[in-house]
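One chain, chain A, links the two complexes that follow: it is found with chain B in the first and with chain C in the second.
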Partner chain A sequence: MTEVELRVFVAIVKNYFEQQTAVAADVYTPYLADPTALPIFDYTGVIGISGVRQGCVYFTAPAEMLRRILKHAGETDLSVRNLADLAGEIGNTISGNARRQFGHEFLISVPVVIKGLGQTISLPKGVKAYVIPFCWERLDAALVVSVV
Partner chain B sequence: MTRFGFGRYRALALAIGLFLLLQVGLFALDRNISAQLRADAVYERLASRQFAVHLQVIQDSTLLLHGGALTDKQREDRIRQLDRSATHFGRTLEVFSTGGTTVGKRDIEVHVEALAIPRAQEILRTAQTAWSPVAAAIAALKAAPGPAEAAEPARVILTAVPPLRKEMVEVATLMDDVASERAATLGMAKIGALSLAAVNFFAILFYLAVYLRRSDQELERARKETADILRTTQEGLFLLDQQNRTGTQYSRALERILGTTEFSGKDFFSLLQPMVSEKTLATTREYIELLFKHDVKEKLVADLNPLNCVQVFVGQGTGRPETRYLEFGFNRVKEAGRITHLLVTANDITQRILLERSLKETEARARDQVGMLVDILQIEPAALQQFLRTAREGVQTINGLLQAQETGATERGSKVHALFRQSHRMKGDAAALGLKNMAAAFERLEGTLTGMHENHSLTGEDFLPVTVQVKSIYEQLDAIESVFAQIGQARVSVSLEPHRVGHDPATAQQPFVQRWNDFAQEIAVRHGNTVELNYCGPDLAVLPDALQDAVNTIVNQFIRNAVVHGIEPAEDRKRLGKPATGRLTIHLAQREDGGVDLSFRDDGRGISVEHVRQVALEKGRLSAEEAATWDPRRIIGLIFEPSVSTRATADGDAGRGVGLDAVREVVARLGGSIRLGTTANEYCRFRVGLGAPAMGSAR
Partner chain C sequence: MSKRLMIVDDSNIIRNKIARAMDTYGLEIVGMASNGKMAIEIFVETRPQIVTMDLTMPEMDGIGCIRAIHALDPAVRILVVSALADKATAIQALKEGAQGFLCKPFTDDDLTAATGELLDEEEYD
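For the complex of A and B:
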């Protein structure tokens, strides 16, 4: 994964916040983490990448952040189901935009939503993943990219 | 140009031609015989009339001979009638013999040819001989004044005419026979012609049946062969017409290659559209248009084929999308010199492309590994292990620095400095060991960090290139560890280059001293100096790991600092009365408390207070007032601060002002101290005291 490719994913998430909430999200210093030490918040939208490049990209956020995003959008239904749908929508936004940006470079799947730590995310083994922390309205979230 | 030929239909055409010929022949024969039969009918009618005339003549002659009761008028009428009958009879006899015109029924003139039957002519000659007295007798009758005078001519007539009946019967019979014969001939000819026509018809029928059967068999065989080929070939095959529509026949492999079963009669570009980019689609359209142009040479445009090796997306929306590499080939199909279709071949070359890519990667990896192997083989295993341990911890420290989040640009600027120090330290260690790629990676990282240093409004995202490069360094470390593990037990101590011997032959042979010496020589060569390194002290291996790493890092930085900044070029040294070769002297002593005292001395130009002051001023480290008021000791102390390098330009060896900063950081971590002594143009000596590391402390 090159710097340019990483920037595409970062830009997608930043644009999402700006367009949906009109409040910019801060990007903190990206770092590397082993697959066993990756950040996972309450809701995670995972998109799989296959083809010549393999791996996954996920955006993980706490429930409170998702609730606030829904409120920004004027949504009153803050149920668990709606929060999960929002995590899926963010994943879908990443997936759709990445597909447009990368064309045929990546085969990008539809997003899968994971709640909490109940399910495992399939990541390339033995490879450090990029963790790009985001902060929005003083709440932390993270974009994780692990593609080989 | 079209050339018409019967080809395989020759036999059929001949049979039909023969049939028509037979029909024409039969028609001609029928027409000929019919004409003859019509002539015979005329003869027969005339012969029949001759009988009637003959009887009339006999009757009239008899009345004239025995007709005493006839009035004159009746007699004259009889004679006139007899004359007319006789004239007609005689004329007809003559016409039968020589041909000509006579009078038929109802006094209609009839033209006939002479009878062509020799026997009939013979009979006619006899009849004409017998008839010849009749004309004279008729004339005598006409001239006879009364019945008495008419008796004799009438008798002559009655004598001559009755026998003629026999000839007339014979002629009539002959003519009847001839007519019957001709009718029979015509009948036979018709039967024969009809038989031949029937035979010909059945021959045609048989031929057609055989031919059609054979054609059907050939067609079926060809169809089966085509079907077998299309079913079994591993290549996608189909035809493309000028409207860009795919043909109805295509190979089964095509469905597998393109991942679709709905292919027949489709628009080719609609099929391609979801698989390739818009640009590729547009280029393909132009290429196919070119191929359909008659004035464009097929071979000349072959290189323009945009689908020669194209990455496609197949099975999108089916839940199992995949990327494939396909190779399409286009060949013109011509008919009578005109391009009617393109034969398109499609092959799935994914495996080949992936294999080629894998081979290239393997080759590159092998090349890198060989280079790395050469580097590694020159390094003493313990030293390499030590480096790997230090480097991994160093990179983890860098990653830890990245992970620690700051919110302000100032804090992030400090983070850049910290990252730089760490990187610089590891670059020195890598270069000291001769791990060129690793040193270069840290060099690149330093370059990135230098650029960031100028940025006073750093954001977290600005660190992205740093993180990417750190990942690359991790991967390099993994690769070195992998190679190191592979050569593991089989490794022998290999020295590809002769090492310079130090002052003390025993200690100079120690691997870590050799490494320091090699490192010093490498830098000296790059900077046009010559140096000699002497070490006096214990084997580093006797020290705890943390001290080993610290001493090694510090000495490396001192070596770099001394050779780059201290040791003068040989010419300058001679001018100053010094030996041409610069001398680096290292003393190490273990203390009773477990710590060590390290002394590093070079006999170079020493440290110029004024030079350091000037540099600190230029780099904004000191204000003009500070520069003027600070004492020399404090000024000299600046060389341990980041970003103060007395070297004009930065390169892989020095100039970034972090070498001694890294030394200070190591010393500070171990709770040690640094002292510096220098005399301009004489020497520079660092004395470092390092305490014993705490148990379990990080190196």
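For the complex of A and C:
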């Protein structure tokens, strides 16, 4: 994953929040992740990547952030089911949007959603993972890109 | 008489978002499906005239579902609503029988505009 490619994901994250909530997200400098200390919040939507690239992309956020995004969207059902659904949908949307730059052979899986702070994510071995941290409405979250 | 609409997306919140936005057009929602296989079953039972279709779904993806639905009823109007933002995917969906393509994330205005175009085109067909 090159710096230019990481910028693609940064731009997609910014666009998602601006378009869906009309409130900008502050996206910080991406950094190379320590595989033993990956960021994880309450809900995590994991997307497997195959085809011309291999790996995974995951979006992880606190429940409160997801509740607020749902409210912005006019959704009144703030159940656990919908919070999990949203985490998966955001992961899917970000990964799918990346095909604009990576092409149609950048294949994405349906999302797998992991609930809970104590969970661990197993990333593909030997593939560097980059964390794109961001803050929206004073809540921290992250996108992790581990794609070769 | 209002037109019959089916919403196909594996996300519950997206299905609900589309349903709320479609109130603008007074469309009758005759079914919602979370995958392509379920969509075909509902389509056969309810014969919607308009379908919104996600592409990345379990069981059967949206492209396969568009192909199957179009074979059942070539007159059905299909609006793809997908995160897959590359041109090749949009072209493939249109070739399989979709009439419109809306990229996620979308606003209510984006959706109503895309639906309006779909309905306007139908007037002239």
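The rule is short, and it goes like this: the second predicted complex is superposed on the first by the 136 of 148 C-alpha atoms of A that agree within 3 Å, B and C clash if a C-alpha of one lies under 4 Å from a C-alpha of the other, contacts with A are read in each partner's own complex, and residues count from 1 in each chain.
Assume a residue touches a chain if its C-beta (ideal position, glycine included) is under 8 Å from a C-beta of that chain, and two chains touch if they have at least 3 such contacts.
The model shown is predicted, which means the values in this text are computed figures rather than measured ones.
Under the clash rule set out above, the superposition-derived model of chain A with chain B and chain C shows the two partners fitting side by side.
Of the two partner chains placed around the shared chain by superposition, chain C is the only one that A:85 touches, whereas chain B remains out of contact.
In the superposition on chain A, contact of A:29 is made with chain B only, not with chain C. Look at A:133: by the touch rule set out above, it reaches chain B but stays clear of chain C. When both complexes are overlaid on chain A, the residue A:7 reaches chain B alone and has no touch with chain C. Contacts of A:120 after superposition on the shared chain: neither chain B nor chain C is touched. In the superposed model, A:96 makes contact with chain C only, not with chain B. Superposition on the common chain A brings chain B within a closest Cα-Cα distance of 5 Å of chain C.
Common to the chain B and chain C contact sets on chain A are residues 103-104. Within the complex formed with chain A, the chain C residues making contact are 10-14, 16-17, 20, 56-58, 82-86, 88-89, 92, 103-108. Those residues of chain A lying in contact with chain C across their complex are 15-16, 19-20, 70, 73-75, 77, 81-82, 85-86, 88-89, 92-100, 102-104, 106, 108-110.
On the chain B side of its complex with chain A, the touching residues are 276-277, 311-313, 321-323, 354, 399, 402-407, 412, 415, 459-461, 463-465, 467-468, 470-471, 474.
Only residues 1-3, 6-7, 10, 26-33, 50-52, 103-104, 107, 128, 130-133 of chain A touch chain B when the two sit together in their complex.
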